[in-house]
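In what comes next, chain A is part of two complexes: it sits with chain B in the first one and with chain C in the second one.
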Partner chain A sequence: MRRLGLGALALLLLTAPVWLASPYHLHVLIMAGIFAILALSLNLLLGYTGQLSLGHAAFFGIGAYTSALLALKAGWSFWPALGAAAALSGAAGWGIGRLALKLRGAYFVLVTISFAGVISLVSVNWMELTNGPLGLPGVPPPDLGPWALRTKGAYYYLVLAAAALAYGVCHRLVHSRIGRAFLALRENEPLAESVGVDVTHYLVLAAVVSAALAGVAGSLYAHYTRFVSPEVFLFSYTVTMVIMVVAGGKGTLAGPVVGALLFTVLPEALREAVSWQWQMLAYGVLLLALLFFLPRGIVPAVARAMRPARTVGVRSRSAPGARGEPE
Partner chain B sequence: MLSVEDLGVEFGGVVALAGVSFTVRPGTITSLIGPNGAGKTTAFNAITGYLRPGRGRVTYDGAPLGGRRPFEIARRGVVRTFQKTSVFPTLSVRDNVLIGLHLRGTAGVLAVLRGGRRIGDEERRLADEAARIVAFVGLAHRVDEIASGLPYGEQRLVELAVALAARPRMLLLDEPAAGMTGAEKERLTALIRRIRGEDVTVFLVEHDMRVVMGISDTVIVLNGGRVIAEGAPAAIQAHPEVIRAYLGSSGAPA
Partner chain C sequence: MDQLLQHLVNGLVLGGTYALLGIGLTLIFGLMNVVNFAHGEFYTLGAYAAFAALALAGLPFFAAIGAAIVVGMAGGAVVERVLLRPLAGESIDTTMLVMIGLWIAMQNAELLGWGGVAQSIPHPFPTAPWTLGPLGIAPLRVFVFATALALIGASHLLIQKTRLGTAMRATFQDRDTAALMGVRIGRIHAVTFAFGSALAAAAGALLGPIFLVYPSMGDLASLKAFCVVILGGLGNIVGATLGGLILGVAEELGAGYVSSGYRDAVGFVIIILVLLLRPSGLFARAERIG
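Now for the complex of A and B:
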């Protein structure tokens, strides 16, 4: 049953360019794929280590600029530029992870926001390198052997493959002792340390992998839109990623993908369905309803609905009372 | 052997430990007791790296533990539990113990991303080990349940299982019987004996005198940040200073 569903989904995704009539719809799917990679990457930090990065657009933007600059100024082809984008974003993630070693919660959030702010300012003001607010036009399309992936159909498959790869990376990590160490950090840090988990090591590792994946998404975005500007650092990109992860189901593998699909397709669908005055309002109401009725996200809710009803023991958590010494 | 010499801790001018020295002999069950505020948990925190003592020396098997972080101390075989119930709350009992088995896995990030048989074998080995430990503490029927949903006494057993998974050579238990029913305490006592039987030195802070006097080889009594007595349970119960400082003041609970 489950295998059948996955097979159908794979077939659906693989044949999308055939049955999707308009290139516009394909464009929406490509953007959904890029955002799926971003949401997967954010979810590693937010969903598994429990640390909210509100500067995630910075890793996306670093990836986009790295790839675009190497292609435009150094004449690199797409693939090495993609690798460099992942590496540089990953290095930035390492820096943030090291900086935030001892910081958790709100302080971690602040460091990531400030980092994104600084990087964004650099992109606007370092005219010689980034061309400032004018951006970098003319980023070449990727090539695969003798073919240039100019068509939307070809690009769709490239993004699909990258998203599948990102999903695979997250899947393997999460189902390993490394993923369990991430969870331990989210769940109970002192306890994790008491059994020998070097939590700071794993926080840095999660930040590096997460940032590198966001860098990959940035590179894909740059070579798809063929244009990079400081807009890639917009805070609203980060907010969109957070919405995708939270609404889809943070700390689940499928959640960010579902969230990315939904929140890329939804605004476009609303644009067609209702007049522009009501678009944002409808979007907001839908989002609120979703969070109100499915606070843990879509995927956990669906998973629970599909599981055969199991009697769950009464949640008794008798308080231990105030005994012992003060901490 | 765990050796504590002249351990001193102050919190903003309040002396929590005023130069405490004791040793815990290998293969024993040793209890640290004392009235509230005597400094028992502070001593645990200082030994296991959760607190940096102002002065003093802690060594385990001759190696200094001072200045090391908790996870490094755990890697040397000194593993603790916490006074307040401390589990990985939203995870299943199995996953709790699997996290405890962290040090028994070897897979690094590249190996994990490459995947393959070795990783699969290791995961299966860890899963078997987790099942064995869960059964050891008597929670086999709870293995798939979410830790925070368990009754309090069983959550304490989850904690114990997590600590055991880290394969301690010395296990520090901070009030393991707190909040347990009488029957649960008896099971816990039997468990602690079995743990010692597997060559693990047990060092515990405990308020329940029946538990302490029933299982300890040695009892160390703290009061006001100092060791006031040390000896076999019978000797401690008869020790005049202990009776005056501790047992007497709380209505001779022994």
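Now for the complex of A and C:
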């Protein structure tokens, strides 16, 4: 049953350019894919290590600028530029992880916000490199061998592959020794440390992978919109990622993907009816409502609703809240 | 030299309002353990309340600032009652996300209500600066600084000299023991949040006439308030006052001697450096209130 559902989903995603007639709908799916990578990346930190990064737009922006600048000024083609974007964002994540490794909770949040603030100001003020607020137009589309991926259909498959890869990376990571170390840190750091989990090592690792994934999303975004400006550092990007992760279900693999789809498709569907400001207001109210009424997110709630029979047997063994939120 | 003095004067004036913002936040953070990312939105609320009282209701300038403080206090009380009290006992991460949600909701509600166009608050002070030798300072700025200092002094007296302040300090030091001694923790939390929000609103109403009033003005205000709290140490009012003045002067010097484009980066850099090098704040022997 489960396998059948996954197969149907894969088929649906793979054939999307065929049955989605309008290029606009395809565009929405492409953006959903890019945001899915971002949400997966944020979830590694927020969901699995319990550290909230409110500077995630910085890693996204660093990826976008790196890729765009290498393509425009050094004439690199897309693939090495993508690699460099991931590497530089990952390096920034390493730096933040190393610096902030002693900080938890609110203080970690503040360091990540401040980091994003500084980077954003650099992108505005370093005119020679970034062209300031005017941005960098004319980022070339990616090419694959002899083909340039100019069409939306081709780009869709690129983003789909990247999102699947990001999901795969997160899946491998979470279901390995490393993932169990993340969870141990999230649930009880002193206990984890006492049984030999190297806190510093794993937090830095989570930050590096998370930042590199966000950098990949940034590069994909830059080569898709063909334009990069300081707007990639907008706080609303980070807010959108947080909402996607919290709504979908932090600390689950499917949650961020579901959240990303929901919060890219839904706003586009409502675009006719409500303006952008109403949408942001709705995001804020929705985040509040989710935290009050569905604190664990959509995916865990649905999963629980779908198999009520099994939870009865399990309940006696797992203490309530054992798989709950951080703290 | 003259230029340096001028920067110092400007920085101190700015720093006074940063201190107001920081004191409100440090009380909320320290006493309630709530990371209030919506703090800057009360600053915005205060600025818009002053604007509305002046431009729409036709109140005189000084009454408008008073009205802003009242609106901020009422707003804070409502938020505490509706959002924070039901979450008492939840983890600090949950309330932090709730305050982020409130931040987005309040900011965009203001954007919808007032539109994105920046408004200016008219004030009765002459625009020609008072000069003292080479120094010049606008009378409005003198008023703003004096009012900020008066409010800071009043906060200090409230915390140190009143029964309420004693209860607040007791709650900060040890919530459970304070509760055993008969302090009603819920009420102290309500008062703290309303009081902190009122101070943020006061800062907004005071800086509104100097700068412009627009919906996203609270973003930087929040971060500056956090910077002040981090400089001063959690729950430390004197530290927050000094931290505010330091941030104001540092920004003014940074803008004057380094690059005006990086003015707002000063606060960010201070946050990062202090958290890395001296996480308990510059003035902390131990975390304390008062």
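Rule of thumb we're sticking to: the second predicted complex is superposed on the first by the 286 of 327 C-alpha atoms of A that agree within 3 Å, B and C clash if a C-alpha of one lies under 4 Å from a C-alpha of the other, contacts with A are read in each partner's own complex, and residues count from 1 in each chain.
The rule is simple: a contact is a pair of C-beta atoms (placed from the backbone, for glycine too) under 8 Å apart; a residue touches a chain by one contact, two chains touch by 3 or more.
Keep in mind it's a predicted model, so treat the numbers as computed, not measured.
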item: Contacts of A:G75 with chain B and chain C, given as first, second, both or neither; value: neither
item: First, second, both or neither for A:L287, with chain B first and chain C second; value: second
item: Which superposed partner A:G5 touches (first chain B, second chain C, both, neither); value: neither
item: First, second, both or neither for A:P295, with chain B first and chain C second; value: second
item: First (chain B), second (chain C), both or neither touched by A:P146; value: neither
item: First (chain B), second (chain C), both or neither touched by A:L173; value: first
item: Chain B versus chain C as contact partner of A:V111, first or second or both or neither; value: second
item: Partner chain(s) touched by A:Q277 [first = chain B, second = chain C, both, neither]; value: second
item: Residues of chain A that lie at the interface with chain B and also at the interface with chain C; value: 325-327
item: Interfacial residue positions of chain C with respect to chain A in the complex; value: 29, 35, 83, 86, 91-94, 96-98, 100-109, 111-112, 219, 223, 226, 230, 259, 261-262, 264-265, 267-269, 271-272, 275-276, 279
item: For the chain A and chain C complex, residues of the former touching the latter; value: 50, 52, 54, 99-100, 102-103, 105-107, 109-111, 113-115, 117-118, 121, 124-125, 235, 239, 242, 246, 277-278, 280-281, 283-288, 291-292, 295, 325-327
item: Chain B partner contacts - residues on chain A that touch it in the complex; value: 169, 172-173, 175-178, 180-181, 183-184, 187-188, 190-199, 205, 209, 312-313, 315-318, 320-321, 323-327
item: Of chain B, residues touching chain A in the complex; value: 36-42, 48, 50, 69-71, 74-75, 79-91, 95, 98-103, 105, 107, 109, 112-113, 115, 119, 123, 126, 145, 148-152, 159, 162-163, 165-166, 175, 178-179, 207
